[in-house]
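The same subunit A turns up in both complexes below, where it pairs with subunit B and then with subunit C.
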Partner chain A sequence: MSEIILGSKSVQLLIALILVSTFMILGSTRLYSCVRAFGIQSFLLACVAGIVAYSTGKNDLYIVAALTLVIKSAVIPYIFIYIIREIKVKREIELYVNISPSLIIGGVLVVISYYLIRSINIMSELSGFALSASMSLVSIGLFVMISRKKAIMQMLGILIMENGLFLGAISLTYGMPLLVELGIFFDVLIGVLIMGILIFRINKTFESIDTDMLKTLIG
Partner chain B sequence: MIKQIAIVILQIFIIIALAPLLGGIIKKIKAFFQLRKGPGVFQPYYDIAKLLQKDSVVSQNVSWLFHAAPIISFAAVLTAGLLIPIFITEMPFGFAGDLIAVVYLFALARFFIALASLDAGSSFGGMGGSREMFVASLVEPALMLSIFAVALNVGSTNLSYISQTVSAMGLDALSPYQILAFAALFIIAIAETGRIPIDNPATHLELTMIHEAMILEYSGKQLAIVELGAMMKQLLVFSLLANIFFPWGIATGAGLAAIFIALLVYAVKIVILGATMAMVETSTAKWRLFRLPELLSVSLMLSFLAIVSFIIVKGG
Partner chain C sequence: MLDNYLFLGLFSFYLLGAASSVIFNKNDRISAYLSFISAAVASIFGIIFSFSVIFGNTFTLSIPGSSFLDFGFFVDKLSAFFILVISIAVFAVSIYSTGYVREYFGKKNIGYLGFLYNIFVLSMILVVTASNAIVFLIVWELMSVISYFLVVYEHEKPETRKAGFIYIVMTHIGTGFIILSFLIFAGTSGSFGFETFHAAGAVMPPLMKDLAFLFALIGFGAKAGIVPLHIWLPYAHPAAPSNVSALMSGVMIKTAIFMLIRISFDFLGAGTAWWGYLVLALGTISAILGILYAVVESDIKRMLAFSSIENVGIILIGTGASMIFFAGGMTTLSAIAAIAALYHLLNHSVFKGLLFMGAGSILFSTHTKNIEELGGLIKKMPVSAVLILAGVLSISALPPFSGFVSEWLTFQSLLLGLIPVFKYGGFNTFAMIALSISAAVLALTGALAAFCFLKTFGIGFLALPRSKHAEHAVEVNKPMLLGMALFAILSVLLGIFPFYVLPVLDRIVQTFVGVSVFSQSVSFGASGTIAIPATLITLSTPALLVLVLIFALIPFICLYIYNRKTPAIYETWGCGQPVSTPRNEYTAQAFSKPVQIWFKNLYRPVTETKATYSPSPFLKESFKFESRIEQVFEQYIYNPVVDVVLAKSRRAKVIQTGSIHAYLSYIFGTLVILFMFVIAGGSK
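Let's look at the complex of A and B:
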């Protein structure tokens, strides 16, 4: 059963597009286009959840897909845009690692996660693609967190990691129990709100959301 | 035998005759998006006809290279045209070369135009030539990788074979690696045809031009040949995109009806690609030259992902 769903052409296409949207986040220098790419990624993830729900016939998963659609691809990007607009931050993201090297590092991370997944023996050839994509989303999210200076990008990085975990959960187990999923969504939403407030505070104290500045002492 | 000669002649005729029309159509669509009226779609034909009637003004300092370069690059592009399936998969010259030959025929054309731009010794020519080579050095690896992704999927680098196989596969061909390779090749097509994020075909502003700076010394008949060569290259890059990734509707045998339908489908595909290109051109601004590596490394990464996902899905 699992082979049929995750091996189906449409899910494979969606997962490939999710990878493309991740690279869009890595490859763009504007905050808005990063947020837009994250919205697209979450929308594609909701589509994957919808297809899995349709083919397994689990009604819980429809709710999960709908929640992903609403919270991750609409509400969270809106919160991001609200923060960017309110603190009037410069729209270019600043980087520790330039665009071209970070794209190459992203590609290397995809390959590494593929080999890691392959060495686990549960791999059936079809869900292997979904699983290694989820693994690479987690590692690329981590890379975004450590290579971008703006605090907003750290927030985005952790959300990419969360998306990766969601994809992994769906591809391995067809979603966790609804209660757990609901808990995670609530967690993510509250997390984003708290991080947003934290960014406002950082901006108020340091007059910048550049994480480099956090080291300076303020008397 | 006669049938094959007829196919070759028809293909050459289509490439030469339709290349200016494509340029005209793209200009018209761009004008539509910018709420202008724009020149008619046949304007490039008039331009070329007028240029052909004029004499060339040639600098006294140039060598034979300056005269030879337009003809060599025109011939190289036309030869590439014989290897790319336009309306039929069984091309008479299909045996003579594959995708890699096409890539290097384009590179040959570009190389000679760049040499000729240095020949006259004007400062703009050298600037254009060095910029063109800079872009070429970034485009070529990405082009090769995306082509290898397609070739891995089909199992051959022969263009006729690729488009025949993909067209026989139908919708099954729509796989992740195919999509990723298409996205990569689309970015490369923007670079190869000198369109807006990379180069602006509609300007003679010295700070931004690449292609125009290279051919600044040419005039009259030679300019007509260079321009026609560039238009043909544009049509061929679009055909490559259309007939490798979406070859449905292409004729597999030499029946008259099949060829007629294939020509219609081909025209529709090319116009859709041209319209997409015009939309991209209207909605983006020209990028700074030193930001181009970013765009082209996106393309490189996409084609790399295409190969990786092929290996993952097929469990290599």
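Let's look at the complex of A and C:
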């Protein structure tokens, strides 16, 4: 059954598009377009969940898909935009690693993830495709956290990682039990709220949200 | 069934004491009375409970927990003996504390002290009753951490904070080694239950046994204060409130001895002779070095802490001798040595508790611990002086006090050990030399201890007050006197009636050595029979008491006969001079100077004299003399190690940049390397 769903061209296409959206985040210098790309990525993820739900006939996956759609592609981007507007931050993201090297590193990470999943050799090639995409998302999310200065981008990075884990869960087991998923959504939402508050505090204290400046807490 | 209720009662009264002291925190007086009196009540439960186990059956209590961890308690005769020692000490110290903490009323948080005190005592009880390595480690840590908080109770003083730091570092180094030792056992037995350790000890390869023993010796040695792991005692004991030092020095360090006996005899079967030699050597070194440092110390509580090192040394001499004999197959001798060790342990907890309480009383009424500032206290606080004198005589091992009996027994066990050597040419010459050296050093230790406490009592209590502090001293309050009196009486009783105590100890020792000394008479060969009970009775303590009293009467009789005139009253130490002032008196420093000169290679004293002259070179305006002794172990072992560790840490600090991006990069780099590792086929 898994072959039928994940092998189906539509899911493959969606996963490829998710990767593309991730590269959109890597490749843009504007905060708004990063957030927009994240919204698109989450929307595509919701579509994947929907298709999986449809083809496996698991009804609770519809709830998961709907929650993804609402929380990740609407509420969270809205919170981001609200934060950006409220603290009147410069719209440009500042980088440690420039755009073109970032894209190259992203590509390398995707290749590494692909080889990694292939070498583990635990499943057929097709669901492996989804898993390697999820692995790429996790590592690119981490890379975004490292290479961007603004605290908002660290927040975004961790959400990309979360999306990657979600994709992995969907592709391996067709989603975790509903209760767990609900817990995770709740976690993500609260996490974003707390991180948002934290960003306000950082902005208030340092007149900036560059995490570059938070260096004094060493022994 | 009764045991269950007793154990429960003991447990709940300590908890009650802890809780009530916090609940009534608002009122210092009520809080103090509630917490310390319920600790005293709990300790009565403890005393009854331990007797019930010593004369009855082993007590076990299992509280089922998870599959991983059962909160089990196991009390055999050895544990019961330690519960007895703890409970006796806690009873007297708690009564003393109700008076002693009045010092802190209105200044410090009494509820906090009462809470820590109760939990501290409870944790010590749990340490000697835990039946599972994990539970043991939890309560052991609890004991260490709570005692740390008690040490830093007067944390507003910087030296107290330093003392606390040294203590907590040393105790955690010790815990690290204890964990290693337990892991070796658990690796063989596959379980953390102590009952399986016994079986594991029987099947472990010799190397593993040696390692387990060594780690346990280092780990528990750090808590017991064996040289060279002793450095925390002279800092922590003076820093803690005196009632707490009485418990820490009198009882807490003994829990380490308990676990050493448990591990070497019970778990490992004590089959290896060199363990015994090692313990004997460490005990001997601790005894002599401890007392040598005590002699030249002028801070009373610090002096007592060094003396604790000495006494732990004496206990270990007994334990080590017992292990040597046991490994050599001489179980009766082994049992005698073990009895000597346990008896000294009991006695030490009594007289050291008494002396620390006495030091607390001095501190309470004079606000100084420096012996050079005391003097003449026997007139200001006569009752305390007499009670402290009892402790001083006991720790100096003078008959008819308790210290004498146990040190005598330790000697006898060492000397008896030489007899089979003479008879049969072995164990071996090595044993003979080791036992003789140890006995000789023990004799020197006893003499120095007497010297040390003569100094303390003589300088502190006799003659004229040397400072305002001592002049304004007043007798301490009733509960404090009562607490000290209990211990003073007990140390006399233990000195006069050892023959009631020794059979009880014999029952306890029988459980781990396997031989009862009192139920048999043992022959060492065809030619001569040494009935061991007879050797114990050779020393008739009541007769000795009579003898001592007679000798004590002689000076009075002489005075009566030769000096019927009314005596002329002069100032003490006046030497016939019309005026004598405190400045004419013998000082503590001067008194101990001979010892300092004899052992100057050890002390490496640094003396400085500075004189400032008035315009005329013949008139000195002021004269300053300063003398310090070097703490060899700190200077040559600990400080270099600390320096190296700090230097390495500073170098490693480079990776701690403070930048969140750098930290994330570490994670990312590690992740990518692991990916590569898997791709390269590392998982296969």
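Definition applied: the second predicted complex is superposed on the first by the 215 of 219 C-alpha atoms of A that agree within 3 Å, B and C clash if a C-alpha of one lies under 4 Å from a C-alpha of the other, contacts with A are read in each partner's own complex, and residues count from 1 in each chain.
In this text, a residue touches a chain if its C-beta (ideal position, glycine included) is under 8 Å from a C-beta of that chain, and two chains touch if they have at least 3 such contacts.
Keep in mind that this is a model prediction, so the values were computed, not measured.
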### Task
After aligning the two structures on subunit A, examine subunit B and subunit C and state clash or fit.
fit
### Message
Looking at A:214 after the superposition, I want to know if it touches subunit B, subunit C, both of them or none. Which is it: first, second, both, neither?
### Response
second
### Task
Give one of first, second, both or neither to describe whether A:146 is in contact with subunit B, with subunit C, with both, or with none.
second
### Which of subunit B and subunit C A:40 touches, first, second, both or neither
neither
### Touching partner for A:169 - first (subunit B), second (subunit C), both, neither
neither
### Query
Draw lines from the C-alpha centre of subunit A to the C-alpha centres of subunit B and subunit C: what angle do they form, to the nearest 10°?
150
### Message
Contact-wise, after the overlay, does A:120 reach subunit B, subunit C, both or neither (first, second, both, neither)?
### Response
second
### Summary
Least Cα-Cα separation in the three-chain superposition, subunit B to subunit C, whole Å, stands at 15
### Query
Looking at subunit A, which of its residues have contacts with both subunit B and subunit C?
none
### Message
Per the contact definition, I'd like the list of subunit B residues that touch subunit A in the complex.
### Response
172, 174-177, 179-180, 183, 293-294, 297-298, 300-302, 304-305, 308-309, 311-315
## Note on the structure
In their shared complex, subunit C is touched by residues of subunit A numbered 96, 109, 112-113, 115-116, 119-120, 139, 142-143, 145-147, 149, 154, 211-212, 214-219
### Task
Flag every residue of subunit C that touches subunit A in the complex, lowest number first.
653, 656-661, 664-665, 667-668, 671-672, 675-676, 678-679, 681, 683
### Query
In their shared complex, at which residues does subunit A touch subunit B?
9, 12-13, 15-17, 19-20, 23, 27, 29, 99-100, 103-104, 106-107, 110-111, 114, 125-126, 128-129, 132
